[in-house]
Amino acid sequence: MSAPIIQLQDVSKRFGELTVLDRLSFEVAPGEKLALIGPSGSGKTTILRLLMTLETPTDGMVMVEGEPLFHQRRGDALVPADERHLHRMRARIGMVFQHFNLFPHKSVCENVCLAPVLTQGAKPADARRRAMELLDMVGLSAKADAMPAQLSGGQKQRVAIARALALSPRIMLFDEVTSALDPELVEEVLNVMHMLARETDMTMLLVTHEMGFAHDFADRVLFFDRGRIVEEGPPDEIFKNPRQDRTQAFLRKVVAAGHRV
Amino acid sequence: MSAPIIQLQDVSKRFGELTVLDRLSFEVAPGEKLALIGPSGSGKTTILRLLMTLETPTDGMVMVEGEPLFHQRRGDALVPADERHLHRMRARIGMVFQHFNLFPHKSVCENVCLAPVLTQGAKPADARRRAMELLDMVGLSAKADAMPAQLSGGQKQRVAIARALALSPRIMLFDEVTSALDPELVEEVLNVMHMLARETDMTMLLVTHEMGFAHDFADRVLFFDRGRIVEEGPPDEIFKNPRQDRTQAFLRKVVAAGHRV
Amino acid sequence: AELEDLKEQGFARIAIANEPPFTAVKADGTVSGAAPDVARAVFKRLGIDDVVASISEYGAMIPGLQARRFDAVTAGLFMKPERCNAVSYSEPILCDAEAFALKAGNPLGLKSYKDVADNPEARIGAPGGGTEERLALEAGVPRERVIVVPDTQSGITMLQQGRIDVYSLPVLSINAAVKTANDPQIEVVAPVQGAPVYCDGAAFRKQDTALRDAFDKELAAIKASGEFAKLIEPYGFSAEAAMSTTREKLCAAQ
Amino acid sequence: MEWDWDFVRQITPQLLEGARITVVATLLGFAFAAVFGLGLAIARRSRNRALSWPTAAFAEFVRGTPLLVQLYFLFYILPDLGLTLSPLAAGVIGLGVHYGTYTAEVYRAGIDNVPRGQWEAAKACNLSASQTWRHIVLPQAIRPMVPALANYFIAMFKETPLLSAITVLELMNQARSIANYNYRYIEPITMVGAFFLAISLVSVALIRLMQRHWGRLGRLGSFRRNTAIPS
Amino acid sequence: MDIWLGYLTLILQGALVTAQLTALGCLFALAMAFLAGLGRVSAVAPVRWLAAAYVEFFRGTSIFVQLFWAYYVLPLMGLELSPMQAGVLALGLNVGAYGAEVVRGAVEAIGREQREACVALNLTRAQSLRHVILPQAVVVMLPTFGNNAIELLKATAIVSLVSLADMTFQAQVVRSQTGSTAFPFLTILVLYFLMSSVITLLVRALERRMSRGFEGTRA
């Protein structure tokens, strides 16, 4: 196995009194597709937000491609990272949000082009060409000049995926990207993600409540509870033969909640 | 078959240009459990809101227990109903909303007691006794003095159900009562509803995207599209052997969206 | 300011009051009246061709002068010892006694500031920061019965509306105002008993004595030539009164 | 000019007397505005166009013109129409009418801020209109109004100096009178400024506290001035 | 009749001064609002404090007091301003302090989600502000700015108290020259209302233009 692209070592995150991540350690191999599942409030989103540097860990080390994410070397010592270091590290990571977070005042194409032009110094014409390729890939080249408000939820989310891809990150983070969508629109987004998973060697971390999709998509599943990993393994094992009581109870509940047609 | 408790005759509802219900007619038998399903925007919510008199039909007649809901007799003529008539009719109908709509400034028990005391002249002590019974039934007697903000989503929705039951309506309307809940909390609400369906002879109309639940709960399913009934029948028929293309396509999409564990 | 500076810029900034006949603003916006006319004539002889007049409240004049908003105040700002300490006055220009405007028949029988002080019902209106306010206060009228009136017309209106019982201004101002109002319900008591005759002068900043001295010289010249009398008498002022007294006397008076 | 502490000591009592009038005028004016604004808000909500439309026009006009000129109008022109008000009464009514048009917006926003779901739930519970207002809407609408109303209270307080134009001897007028009498402006004006600053810093802190407890009303810009500016 | 026409001209001259004060005051206030408003959300703590102190001071003391200070006290400290400059300074600083809170509020209202999207796309703080936050925030600010402009217009009336010949002041002059109170005051009431209506219409037009791209996303 090659060197891990992401390593968490004893990472804790506390909000005041509340411990959300509790001395958590795990590794992700390059190209791996990882699904994070678990009950509400178990800390799944927080892990993705840490990796995107939207939160800072209270304790522990996060390494991305062998480099510390929140620290930098000064002489021999490790000191908290400054904005420049974070900026350099962030270039490797992309994130897609539950609520899309498109820029409402920019057209679809501008949403996709903005970051490459501003952060990678891409020429506007080149950025636009690449944006059109990506929009084509997510099936939205016809909507390039539409405004986000004119799109359905599923279309918005596909634009958000294209936007994240435009920076060619080596790691993609997906946080419940379908849970804000109408059931009928979920499929089109999942199709795009399936395609991405098949056709690229990006490392992907996925938080979802769609157990069926997690099963098909992931190489490995981590089941979280209260900021700790309760169980991990290949999807078949976790979904068919969960070893832990907590996992079994969770899956039973989700199934009972009606996802069984 | 006994006389229908609800009758819609050629009911239309337009919002400006938009026709939301299009000369719709159907009947509901006393005690029947009816599920309304269909794509987003097809008008399901609008039907429930009409029955609750939160909207007024643009055209057509709605009868509840043989009486016109939006009209009253004056001499021989039918004239639009006044507030007194509506008030009398509403006493027969209860509704549970997607977002609970609990009164945030009143405790759980006060939420349940308020309407009986104000509209039925119940004595506060009696109302409280009955409220405690209902809260006990939905498994929340321990939370009687909590404020809504201190409850989880599932608990809030169970309080909302108890509140609607407190007026002993003969018809209960449920509009996507679980879709705002975390997946783990869905079960507790559905359990309460199953129990209601089994143990009371109330007429119930249910709008839901949980096909599994609709299947188990309903005596009859109506499938809507664009303000019209496309197909209706017993759940087994609709879900296993839908006759219409539109119904098949809808069910296929919902299934593809991951509800298949 | 130095005389030379003013000559260079070609005009002097003067403060005037919004009070006929000391000042008058015609419908076309041009400024005339006894005070600005004299100022214009004197400054012209000093080689300053024009005056730029800004209308100002009485209360704002001395602070405005100190804050360098004006080079001189020519507004019927009567000489009083305290004012002589605050500014440099020229020799006297316009003299006037104090008068009362009150309801026809003088129902409260008010003839002096003392009378106002002694009658607990009587409310007197006076311009804020003006001589009359001070005279009233010094005569012992309590603060709450001295109503500070923002301008002459407000004073007349308030008198008509019964909000004040007497409105005090210099004789000529009152006459002009009462004439404008043209109201038989109002009569004038002039002069007020026991109130001194006051004269104004052009007021300059304390340190601008050179300018003041130059002004005095030319003022004396037009007084001697008779031009002075021609300027002010049409407005009802007496040139004789101004020429028979001096700054020294007025500033020392108590 | 130098700052003169002796002079400060000498004029303090007179300024305090002015401050008393300022406070009285603000309190009365605010009480007037609170009631008058409620009337405006109800009239504007009315379904009767003949009532709601002129009310809206009146409110727009009052909000679009300076309080100072309105005060002149109340004080000098109304008597010609047969209504002679004392300076303080005219000032209180002027402040009250002017700010009433703002408090009306607070009431409106407060009521609009109660989610539609609450009205609908009340209907589903079969409450009557008056029961809905009393038990459901008003209890939820009033609390977030309080900080917004308090903001206007402070704004009004800072606008009382305008009453000097209609001869009310409030703080600013006393200060000007002192300045005119003594030809010293720095001390009285600065003291007035310090007085206003002290009062408004204290009240801003109080409002922050209220907001933390009772929540903020609406979104920014949802009514005309979320924090008021003296005019 | 001619007399009235003449005095009407005088009032209109005052109206010009009022309009000029309002326009310059608004420009200055706008500059201050952005300077202090962005200062309040700055990452640098001393900048935040400075901006907060400015806002609290100018909102805390009455504009009346500020104007008197600018007019009578600043010159004593050696800073000489024309009445117009003093008026613009006081109005601009005062209304700018209120505007700063509008800017800050609008920037904060463009929620966490947009800011997080910017981080995820690796934009710098300045880039986020310029390309994402401000273009959206300005649309949110506009209506309140419109109200602030009207407040500023109304506040210009008090410069008459320091003898700047604005509309209200000219009305006073006309009043003492003619003895009529109703004519000048009713005239200027109407003129003020016209001016504030113009501001309202301008802001609405601007709002429509700026929010066009959003296609109704923020109702």
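Order of writing sets the labels: A, B, C, D and E. Residues in every chain begin at 1.
Just so we're on the same page, a residue touches a chain if its C-beta (ideal position, glycine included) is under 8 Å from a C-beta of that chain, and two chains touch if they have at least 3 such contacts.
Chain-to-protein mapping (UniProt): A, B = Ectoine/hydroxyectoine ABC transporter ATP-binding protein EhuA; D = Ectoine/hydroxyectoine ABC transporter permease subunit EhuD; E = Ectoine/hydroxyectoine ABC transporter permease subunit EhuC.
Everything quoted here is computed from the prediction, not taken from an experiment.
Fewest steps needed to get from chain A to chain D, stepping only to touching chains, is 2. Listed by label, the chains that touch chain C and also chain E are D.
At the far end from chain B, in terms of centres built from Cα atoms, lies C.
Which two chains touch most often is answered by the contact tally, and the pair is D-E.
Each chain gets a centre from the mean of its Cα atoms; for chain C and chain D, those two points are 39 Å apart. Averaged Cα coordinates give chain A a centre that lies 38 Å from the centre of chain B. One simple way to say how far apart two chains are is to compare their mean CA positions; for chain B and chain E this gives 52 Å. If you average the Cα atoms of chain B and of chain C, the two centres end up 84 Å apart. Residue positions of chain B with contacts to 2 or more other chains are absent. Counting partner chains per residue, chain D has residues 1, 76, 165, 185 touching two or more of them.
Residues of chain E in contact with two or more other chains: 72-73, 76, 161, 181.
Pairwise chain contacts present here: A-B, A-E, B-D, C-D, C-E, D-E [touch as defined].
Touching chain B in their complex are the following residues of chain A: 39-40, 178, 182-184, 186-187, 190, 209-213, 215, 239, 250-251, 253-261.
By the touch criterion given at the top, residues 58-59, 62-63, 66, 82-83, 86, 128-129, 133-134, 137, 143-144, 147-150, 154, 157-158, 160-163 of chain C touch chain D in their complex.
Taken in their complex, chain D has these residues touching chain B: 115, 117-118, 120-121, 123-129, 131, 135-136, 139-140.
Residues of chain B that touch chain D in their complex: 52-54, 83, 87, 90-91, 93-95, 97, 99, 101-105, 114-115, 118-119, 163-164, 167. Residue ranges on chain D touching chain E, taken from their complex, read 1, 61, 63-70, 72-73, 76-77, 80, 158-159, 161-162, 165, 172, 185-186, 189-190, 192-193, 196-197, 200-201, 204, 219-221, 224-231.
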